[in-house]
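Here chain A shows up in two complexes: once beside chain B, once beside chain C.
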Partner chain A sequence: MTPQAALGLPLQRPRPVRRWGAAARGFVGVLILLAAWQISVPLVGLGPYFYPAPADVAAAFVDLVRKGILPVYLADSVMRYLVGLVAGATLGIAFGVLIGMHRKAALALSPLLKFLFAIVEVAWIPIFVVWFGYGIETIVLALIYVVFFPVLYNTLLGVRTAPQILVNAVRSLGASRLQVLRLVILPSALPGIITGLRLGAGFAFRGLVFAEMVAAKTGIGYLIFEGAQSQQTARTIVGMIVMGALWLSIDQFYLRPIERATIQRWGLTVDAGERT
Partner chain B sequence: MLRLPATATAVLLIALAAYWLAGVIGAEHKLAAIEPAPSARGDYRITLAFAPERFHQVLLQEKGRLVEVRGNTVFMKDVSPAALRSIARNYWVEAVTRWSGS
Partner chain C sequence: MMSEPSAPVIERMSAVAAPRSQHFDALTLGTLPFLLILGSWALLPYVVDYPAYMLPSIGAVLDYARESVLDGSLPRDVLASLARLVIGFVIGMALAIPLGLAIALNRYVADLFRPVLSFLQAIAGIAWVPLTIIWFGMGNGSVIFVIANTIFFAALYNTVIGVQSIPLALHRAVRSHGGRGLALLANLILPGAMVQILLGIRTSVAYGWRALVASEMIAGSNGLGYMTMEAVQWQRTEKIILGMIVIGLLWVLMDRMVFTPIERRTVGRWGLLQR
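For the complex of A and B:
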């Protein structure tokens, strides 16, 4: 019984989430930025190569779509991102569970993992290029590397904080090692895994853009790099905007709902972004 | 619970299917003008709505032997019927015509 009901007071209906209101406010912010940008162009007085106006960027966007360049680059980037994210997350979860459940594996692998974690993916890309050349293999490997560690450490944390009393209870009922994993460890580790996935997804996105700048001939990262190289600054800005919009879409349509459906649903955490 | 990701994925898949279908129908339309219908490797003139950029040239080179670029037109040799069909599926390809190869 709620406190209101206990006191005989009318129940208050929960306030509806003003999602559209928040979206409209965000849109106004974008409009203000665009207006300020447009107004600043004649004041700054530089050419479109140095400081393109929003209209130049919009024209570059239309041109890239009309010529079929942007759809292909976007599809390539999304494909590489998904492959890298799925592979990196799978490996991170598998190793996290393995190290979390086996003391010997933890002792054997921890120093190596700590050593590898210290080497950022940027340092690996040149050697991947030497081994695999310019292409999807290099980029996907870089993404796997980026995603692997946050997923691994968060999974490890989740596995190690699984309630020992539940593990003992299930074991005393005759559960096998696999059943302990399925019934206690994995459900307990799920919030950690989801947190790791969200972190990994963000890191992978940054890694993708950088890897494409260095090791690809297509993709949004390549568009950003190539635009600057060929003095088409408006194209570079289109690439940056597409990158931002893509990340917002991934976060809004996939990561946040998945997080809501798992972690927040169980009252384990509240997304700071949802409060604002 | 996960209605939003499911809806977003469904919308994305429908959009991709529509894009693919539009490409297939467009290709049929563009290739209908070629008489007789391509059945073996041949030489073709690919006309775009704009001057091809490096992106288009690289993409076309994977489908056959790019011989020359003149204005908005790319001259290609030794293009298989399947490759020709995949070229014509691109919405930025305006027309495909047979070329004598000289």
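For the complex of A and C:
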């Protein structure tokens, strides 16, 4: 899914084992970027408000950690993210299964869902702000909204592609509707659900940062926004770097292992869904 | 790349759901939730007591829609947003395709750029807005930067994947007939990657569209995002709701009139849909 994955794929032919060379070149790339940044600071010469140097950013980082601001913000962001992700995914799975198993529900709900999906979550934030004020409700609702649709559509796809022959087999053995759901539908929908979760997690992360910029008084998004507002641009950049690091670690330590576990367990590659 | 549930998936979902004989059924059932929502919207003031600004009446939204079309403010906002989307799209694609080709074709370039791009991709989009406000001020510069940035990363991914999905056999065939350098690029790599690039446009623009609305809310001086966020201060909820509906309708329209035809043509031309 991620460009990292894409960029890491073998190109025309399998890559020979030269990981160290690759890592070294990657490191050089990072160094070049940092060096270009450092060198360009005196060339731009507009002061740390307009264009802070790497040293300014490092100092701001130490300052934020020492004052205890960054850990608190980070914890707040992660908490909001988890609540939104879990709630949105639960709703998405529930509706996905419902729509997937009932033809009438599909007919009734798909036009509405199509339209709601077109009103991106970002567009809901102003009305949420009017209704719920600036705070966690607005942020979590926006996250639920973002996560819901990818999970829903991919669950639906999974439910729809559950092998009918297995459904028939289980039913002819006398399984109830719930048992069919538990024994056949959910297991075969699982790779779809995971794919949806992964897409949703990506959208939600951006949604989180944006919602925090608009509607929060803590969190990484707020740090990015407030830093610039209060002319502490170095703080903004600390926020952006923390955001990037946070997403890369979520991806690396949670999403990928979950995906890998599903693939190993069910022997399916969800990659096809990701390229949709 | 994280992708939208694509139009075909949604089409397919209704296609599976509605056999031809039951079109009527689909129509009645499909409009039912809309009617329910409109009905409860109309009845809500009689049931629950809430300040009028929280939810305007349907009439108020329609009135504002007519008013804003007549005084030209709505069309102006729509055009401003779409123009930014197009400019950001062109800039993002123009940067992404050459770099994507270089990354896909040269291992050293790929190695050099991978960590930096992975990291920048993780912070792509809206997180840049506060910084761009400092750099470019409120308005076009900031918003276009964010859209171009967002579309760049989506398109980069599709370009790399596009080149990688060219069958090795074709590559060997061209090479064994002496195709090298520019000829290889023009006759194999570009057309081969084009399928994925074209199909990826939909996802890229979906990201760009969100980025557009979001960045206009924070850094815009006009446009749909600005219109809805600005209305919050004045508690002009009818303006917000109209904005939301227009945002939804525009996406549905873009989907119908731009992306679906592209997908159909691509499928027609190359006879495959990579989904």
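The criterion applied here is as follows: the second predicted complex is superposed on the first by the 234 of 276 C-alpha atoms of A that agree within 3 Å, B and C clash if a C-alpha of one lies under 4 Å from a C-alpha of the other, contacts with A are read in each partner's own complex, and residues count from 1 in each chain.
We adopt the following convention: a residue touches a chain if its C-beta (ideal position, glycine included) is under 8 Å from a C-beta of that chain, and two chains touch if they have at least 3 such contacts.
The structure presented is a predicted model; accordingly, all values stated were derived computationally and were not measured.
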Q: Scan A:Lys217 for contacts with chain B and chain C and give back first, second, both or neither.
A: first
Q: Determine, for the superposed model, which of the two partners chain B and chain C contacts more residues of chain A.
A: C
Q | chain B versus chain C as contact partner of A:Ala94, first or second or both or neither | A | neither
Q. Which partner does A:Phe225 contact after superposing on A: first (chain B), second (chain C), both, neither?
A. second
Q. Touching A:Ala55, do we find chain B (first), chain C (second), both, or neither?
A. neither
Q: With the two complexes superposed on chain A, say which partner A:Arg66 touches: chain B (first), chain C (second), both, or neither.
A: first
Q.
I'd like to know which partner A:Ile258 touches here: chain B for first, chain C for second, both or neither.
A. first
Q) Of the partners chain B and chain C, which touch A:Val44 in the superposed model: first, second, both, neither? A) neither
Q: Could you list which residues of chain A make contact with chain B in one structure and with chain C in the other?
A: none
Q: Would you tell me which residues of chain A are touching chain C in their complex?
A: 1-4, 6-13, 15, 21-22, 25-30, 32-33, 49-50, 99, 103-104, 106-112, 114-127, 129-131, 149-150, 152-154, 156-157, 160, 198-199, 202-203, 206, 209-210, 213-214, 221, 224-225, 227-229, 233, 236-237, 239-241, 243-245, 247-248, 251, 272, 274-276
Q. Quick one: in the complex, what on chain C touches chain A?
A. 1-6, 9-10, 13-14, 16-18, 22, 25-26, 29-34, 37, 53-54, 103-105, 107-108, 110-123, 125-131, 133-135, 153, 156-157, 160-161, 163-164, 168, 171, 209-210, 213-214, 217-218, 225, 228-229, 231-232, 235, 237, 240-241, 243-245, 247-249, 251-252, 255, 274-275
Q | Of all residues in chain B, those that touch chain A in their complex | A | 1-5, 8, 19, 49-50, 53, 55-56, 58-59, 90-92
Q) How about chain A: which of its residues touch chain B in the complex? A) 66-69, 71-72, 217-218, 249, 253-254, 257-258, 261, 265
